[in-house]
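The following blocks contain the structures, represented as structure tokens.
Here come two complexes built around chain A, the first alongside chain B, the second alongside chain C.
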Partner chain A sequence: MAFVAGVASAQAAPEYTLVIRDHLFDPAELVIPSDTRVKLVVHNQDATPEEFESYELNREKVILGGRKATIYIGPLSPGTYPFFGEFNPRTAQGKVIVE
Partner chain B sequence: MLINSVVLVLREILEAAILVTALMGLARIVGLGLTWFYAAAAASLVGVIGLAAVLGPVTDMLDGTGQEVIGAALQYGVYLLVLLVILDTRQRVCGRRHSRFTGWLMAAAVALAVTREGAEIQLYIGGFMSVVEYRQAVLLGSALGAGIGISAGILFYWTLVTRPRRWAYPLCLFCLCLLATGMIMQGTLLLEQAGWVQAGEPVWNSSGIVSEQSIAGELLYAVFGYEATPGPLLIALYGLGLALSLMASIYAIRSRAGGGDD
Partner chain C sequence: MLALNGFACGVLADGLAIDKVYHPYVDPLAWELEWRVTHADYNPASDIDREEVHRFGLAKAVAPELMLEGYLIAERSANQDLKIEGYELEALWQLTEQGEKSLDYGLLFELEKERGQNAWEGAASLLLERELGRYSVTANIELGYEWGEDIRDEWETGLALQARYRYRMILEPMLEFYLGEDTVGLGPAAQGNIRLGGMKSLHWQTAVVVGVDGTTPDYTLRGLLEYEF
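== the complex of A and B ==
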């Protein structure tokens, strides 16, 4: 049941786009609704790979240079959930703000 | 960049190194030897290079979630193979605790465990080789991280194999149960990330006690897939996976000469 429910809600998830450029996330702050599963499309426009990582969101994914990748997050309670690029943690930082 | 490289490579290496050395420890304890490790090393090399080479197309599969689904399959595969390894170390009529399949099962488990982590390291190092200002720091940091991770694995190996004979086998199986069940945890998180399952609201939050970002948290994650905010699905699958592997271990430990054959 969890599997079926997961796939069904994932298909209907609202979509948000995050760009990695010059080892920075754009936008650095992403506002999403609470209690809603969202589809995050991360487009790495740099030539080098990056790993989207967030301890708070329980997410990690390598995104090759010049490619897009999909990451589902949520449903989440209101709050702030930081994320960073593990390959460039000093510069690639951002947060998901759940309202 | 030097410290980043050390931390990143150490994290990836540690997960695989602990599992690999636990299997090597078990092989030594049951008198199998380590000849199977040559096959494991060769298969791991092929797996790492192969996965890194096709990661782009793999990522694009299944609406951009192919990487997670392949990763979860590798993690569940490791669990299943470790379960079979445990069962295969039951004692035979002749007193042996291994069959002609044990080494192959161990080699396959090692290859799957190393493939995912290794491909990530290869992409990281390969990606920064073209950036001249980072190249030296990335190579040095990666070497240091790999060295520390492999050293931790070697320490774990000797800790297992130098226990008194009576305790070494059950201790090794117990460690493998925890390590393999951690793979279930990680695999399920990947399926959740791909939108295939919903783990549900966190049942507890233990990040105040052990943060996932701390050294202890990283170590616990490597050993048994520590998750500070697990949902009900994760807890249920972890419990089921641990129970199954412990039952298999008890069966293997209690088997006596005359209790089964190849």
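== the complex of A and C ==
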């Protein structure tokens, strides 16, 4: 899985990686800590653009084909926050699980 | 975006100061087709009754963090039929990634000209937004200047505040406050998004802003429809 969790530094937001490949998110489930702002690096390995979208996370971000984008999310309360790819909503789906 | 006449978003020179609150974000791929309208009760400051301002805009990002929008502005009132009164160009510049810092920042630049007159208005606004759980608070702080042979040269300032609760995508209750030249208004508002499929969506807003001093219209209604494609 392309889930590379890790804390970049003691003060920086914990960083996670999400890959878009074949119009799917990998991993489809991302577990992050509660009450913590995290940095999500989304790498779109497809040739076409995708839009990470989540009303629950209050985020919309376009990632061009073959490019990376950074999305900051949180701090969040424990729960499940779905997201999807607006350009391929039937396949590109996932959720952030806050514990 | 904020034009001001006092300050708050988009307004013909010395017209209504209540218009719209801008957010410091740019969608880099979408086109936006916008119509918005304000309808004010009798305005003691301008002596205009039932002034209505319509804006028809088309927006497109020209860079990942920069969006341009052009407007045609039409007005009517109790004594005037609807007619094109001006033109406006706006540039919205997203300065920070959403959620990256404690505040999200953006800048808005506006240039407006009244049709058939030598009357210009330029403005720059600082856009600030803070997310607090399911709430978001937005501030627009504007500094503008009006000039030309057909208008009094003057500096103007303005402030617009909006608090929003993300209840449902199709319905988000809000509270708005506007402060500008001859304007102090406060009132409830709401907005929502309707997904239309195929990367198309419809965004709507509505508000009732009540004047809280003697120079602001007793009420100003505002509405917005924005088709994104």
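The rule we apply is simple: the second predicted complex is superposed on the first by the 88 of 99 C-alpha atoms of A that agree within 3 Å, B and C clash if a C-alpha of one lies under 4 Å from a C-alpha of the other, contacts with A are read in each partner's own complex, and residues count from 1 in each chain.
The criterion applied here is as follows: contacts are C-beta pairs under 8 Å (C-beta built on N, C-alpha and C of every residue); 3 or more make two chains touch, one makes a residue touch a chain.
Computed from a predicted structure; not experimentally measured.
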{"item": "Partner chain(s) touched by A:T48 [first = chain B, second = chain C, both, neither]", "value": "first"}
{"item": "First, second, both or neither for A:H23, with chain B first and chain C second", "value": "neither"}
{"item": "First (chain B), second (chain C), both or neither touched by A:I71", "value": "both"}
{"item": "Partner with the higher number of touched chain A residues, chain C or chain B", "value": "B"}
{"item": "First (chain B), second (chain C), both or neither touched by A:R37", "value": "both"}
{"item": "First, second, both or neither for A:F87, with chain B first and chain C second", "value": "both"}
{"item": "Chain B versus chain C as contact partner of A:I63, first or second or both or neither", "value": "first"}
{"item": "Touching both chain C and chain B, counted on chain A across the two superposed complexes", "value": "37, 49, 51, 55, 58-59, 61-62, 70-72, 77, 86-87"}
{"item": "Residues of chain B defined as touching chain A within the complex", "value": "4, 8, 55-56, 59-60, 63-65, 67-68, 120, 123-124, 127-128, 130-131, 189, 191-198, 200-201, 211-213, 227-229, 233"}
{"item": "For the chain C and chain A complex, residues of the former touching the latter", "value": "25, 27-29, 64, 97-100, 131, 133, 136, 166, 169, 199"}
{"item": "Chain A - residues contacting chain C, complex", "value": "37, 49, 51, 55, 58-62, 70-74, 77, 86-87"}
{"item": "Residue ranges of chain A in contact with chain B within the complex", "value": "2-3, 5-7, 9-11, 13, 37, 39, 41, 47-49, 51, 55, 58-59, 61-65, 67-72, 75, 77, 86-90"}
